[in-house]
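The structures considered in this document are given below.
The same chain A turns up in both complexes below, where it pairs with chain B and then with chain C.
Our next item is the complex of A and B:
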């Protein structure tokens, strides 16, 4: 680990096909996020907050996507959760 | 035409608001007798919010889909003899400790949340606890189903629930679970959902399941990650309940801080077992205990408590000691298992040369200096036939029930950390200031502890000799001992075409 981050929000998902568009959407919508591939899982972290947007995922997969489908691949998270029909957001402070 | 679908917020509101009522011919306090005695004051249960806003239809739908995926993988793992593709059969020690130590704890959590799902006054809180009760039951069941396949091929997996109630090292997780279960509902949820699940569970599931993936254990990876998706909800619930309680009344803050201090320390001591699983039992280890601690506690826990600072909550007491212990913990725990390896339900072994090199690299300040010599000595003694297991039973900490193996890591890492206190004329012993504090806050609770070693000496555990006690545990003769002398080892060699080793052992 290099310099310790103070307020990192993170989302960890399984490393599988269902999670791929979610990871790509996070990369697009959170340019500051770092994405780490570990055995079986992918850890996405970002200073302060991290967002998954429904519209970005839908544009990537070409079908309707219910934000709660995230539950199928979710492993862990850190941050206060704010979820509605359009987005899933994690933030500190 | 179908009616327009309600949005998430609205659906959650309809599920969790207005479904309860003020009772008229019974007093509310008689209907909900448990949610006031702890001193937590709730003025408005409607302020309770579950940020995931999961409704029952969505819950069943997603859980069913997770189950289908999991069971498809379990079937395929079994059909393809997945057990032969593990990194090594010694890896199974971790699974044996998991099914006996963690699975019964999941089942106990199911009991606890069922109780809360009935006894919290607020409907939103009751529903969240009911869902979590079902989750915990699901975890216990899927773990048993998954691991039952290994039970066909390996030793030590046959009686997890019986052993959870009796075995010396399994009283560590069991006593933690029962400590929470015998508290009031607010303390229970602070313990399990916040201290254990939010602050510490990532240390159990994330590196361990990633480790399973790294060791070819597709079955464990799958049930582990399937459970973790529920854990994410539980963690979120844990954080919400903490915020909910402190926002309800200022008197709640000191009570909650004391519970956080207590249950952080209790849960952290349970995770001492996990540190040994991670650093020693996993053949290939993606991340050391120390690295995991730095990321999931120091960094993420730090961010969490910084956020909670605005409510007046502080980092749990003795967290600095836990961080200082991170360089020692797994080595001390694995050493005691190796020294008492004739009385464990899994196999112990000294780390391979390759593993020792990895440990030296990950623990540059401690492994070569303090721990490598003892493993090398035992290895040499085993080669010469002079090795002997500990002949006496260890003294246990009155609170965490772990043998007194921890040391003064901040001053003299070779000096056993030993604390004691007198209560009503009796002397009680502790492994740390953390456990001593827990005792002194509630001595009447902990003087009743069922300490395995005391119970053996009192004649309550099948007899006075090791074989009698092991029989009472329902350990089979082939369950414990050194890995290289084991049935698991010989079978593994057979599967991999090494006939000589299969016959003779190492």
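Our next item is the complex of A and C:
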């Protein structure tokens, strides 16, 4: 495995309406991230770290959003998880 | 024998309708909200003008003095279309229904201090006539407005207002063991009591406003921006302090609803004001005009509700409203 691969944090979610604002928020908050649409799921990869911010998702859906709602659409992830009321962050190191 | 299972991706030739691809590009599928709402209203090939208005087409941008390059610049931040709206409201209705039956079953309103019951009768119950007026006004905005993003929001709002009028009626009935005494008294107050006449006059003047965007500002931004924080928040708290916490259980929808509504009124003001200085000036002028008139009209009711503190409570609410609108770019 190359160093680059080892260092990549990723988040895979289902491709549905509930996941959509999360994907858009990741896109906004992680300009480096690559987002791949695969059948039925969406894979978001970013070198080093990847963050989902509550504030961004809330602005996109126009209501309060609990970060734990992320788990309803989550398929897989890579990286150490740092989760609190305001964010869900994946990172290596 | 081995079976090889491989996933085969079938990519659609195009992701959505042409109008949405033109607006949002072909990179990813549009959301349900975008599919349900954008460009639904006809914009061309109108055959006949409506008999009731020969000056305008049936959908006509010149029914308001506000000018927008693209009337779909505004999008509802809550992204309500029929599906999401009804799901959100049915959840709230379930909670409200439960609260009403809880209060009824335990006869909680019977234990309220008499002065609290009287304040509810004097201040909250007459508000159902305002809710009904708000329903009329939002139907008018929906009928005259332009662009489905704005019109659908107005229609959902109209239905919400009817719902709130019904909640208030139910409180009135609960107070008197299903007799209409409070409702009749509130109607009489609304029609005759001097403290309500300024407000009634203002609401009735809104019914005949020609410009639907001015009506939007007067009803959904100025009147609601003063009324909801003052009566459904501050006055509620005053009732709770005096032992009327039960009432808050029955009016929870109103305060939740207002918090939600502020999101789209803010977005609408922001988008419309940013379009041009002419729009900004017009909006600011309407806000000034209606906030001034309505706060004068509400003042006697506020005094009745809060006693000598009424005017200062009202002024605080007014300052908050103007500060909020100032943040959206208006010069008020």
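As a working rule, the second predicted complex is superposed on the first by the 87 of 93 C-alpha atoms of A that agree within 3 Å, B and C clash if a C-alpha of one lies under 4 Å from a C-alpha of the other, contacts with A are read in each partner's own complex, and residues count from 1 in each chain.
In the analysis below, a residue touches a chain if its C-beta (ideal position, glycine included) is under 8 Å from a C-beta of that chain, and two chains touch if they have at least 3 such contacts.
The model shown is predicted, which means the values in this text are computed figures rather than measured ones.
For the composite obtained by overlaying on chain A, chain B and chain C cannot both be accommodated without a clash. Within the superposed three-chain model, A:72 lies in touch with chain B and out of touch with chain C [touch as defined at top]. By the touch criterion defined above, A:92 lies against chain B but remains apart from chain C after alignment on the C-alpha atoms of chain A.
In the superposition on chain A, A:38 contacts both chain B and chain C. Of the two partner chains placed by superposition, only chain B is touched by A:84; chain C is not. Number of chain A residues touched is higher for B, counting chain B against chain C. Once the two complexes are overlaid on the shared chain, A:12 sits against chain B while remaining clear of chain C. Shared-chain residue A:63: touches chain C; no touch with chain B. For the superposition on chain A, the stretches of chain B under consideration are 130-138, 220-228 or 274-282; the one running into chain C is 274-282. On chain A, the patch touched by chain B and the patch touched by chain C overlap at residues 38-39. Residue ranges of chain A in contact with chain C, taken from their complex: 17, 20, 37-39, 59, 61-63. For chain C in complex with chain A, the touching residues are 7, 9-10, 28, 31-32, 76-79, 260, 263-264. Only residues 1, 4-10, 12, 14, 38-41, 67-69, 71-78, 80-85, 92-93 of chain A touch chain B when the two sit together in their complex. The touching residues of chain B, counted against chain A in their complex, run 7-9, 51-54, 58, 62, 65-66, 69, 202, 205-206, 209-214, 221, 225, 228-229, 231-233, 235-236, 239, 286-287, 291, 294-295, 298-300, 302-304, 306-307, 310.
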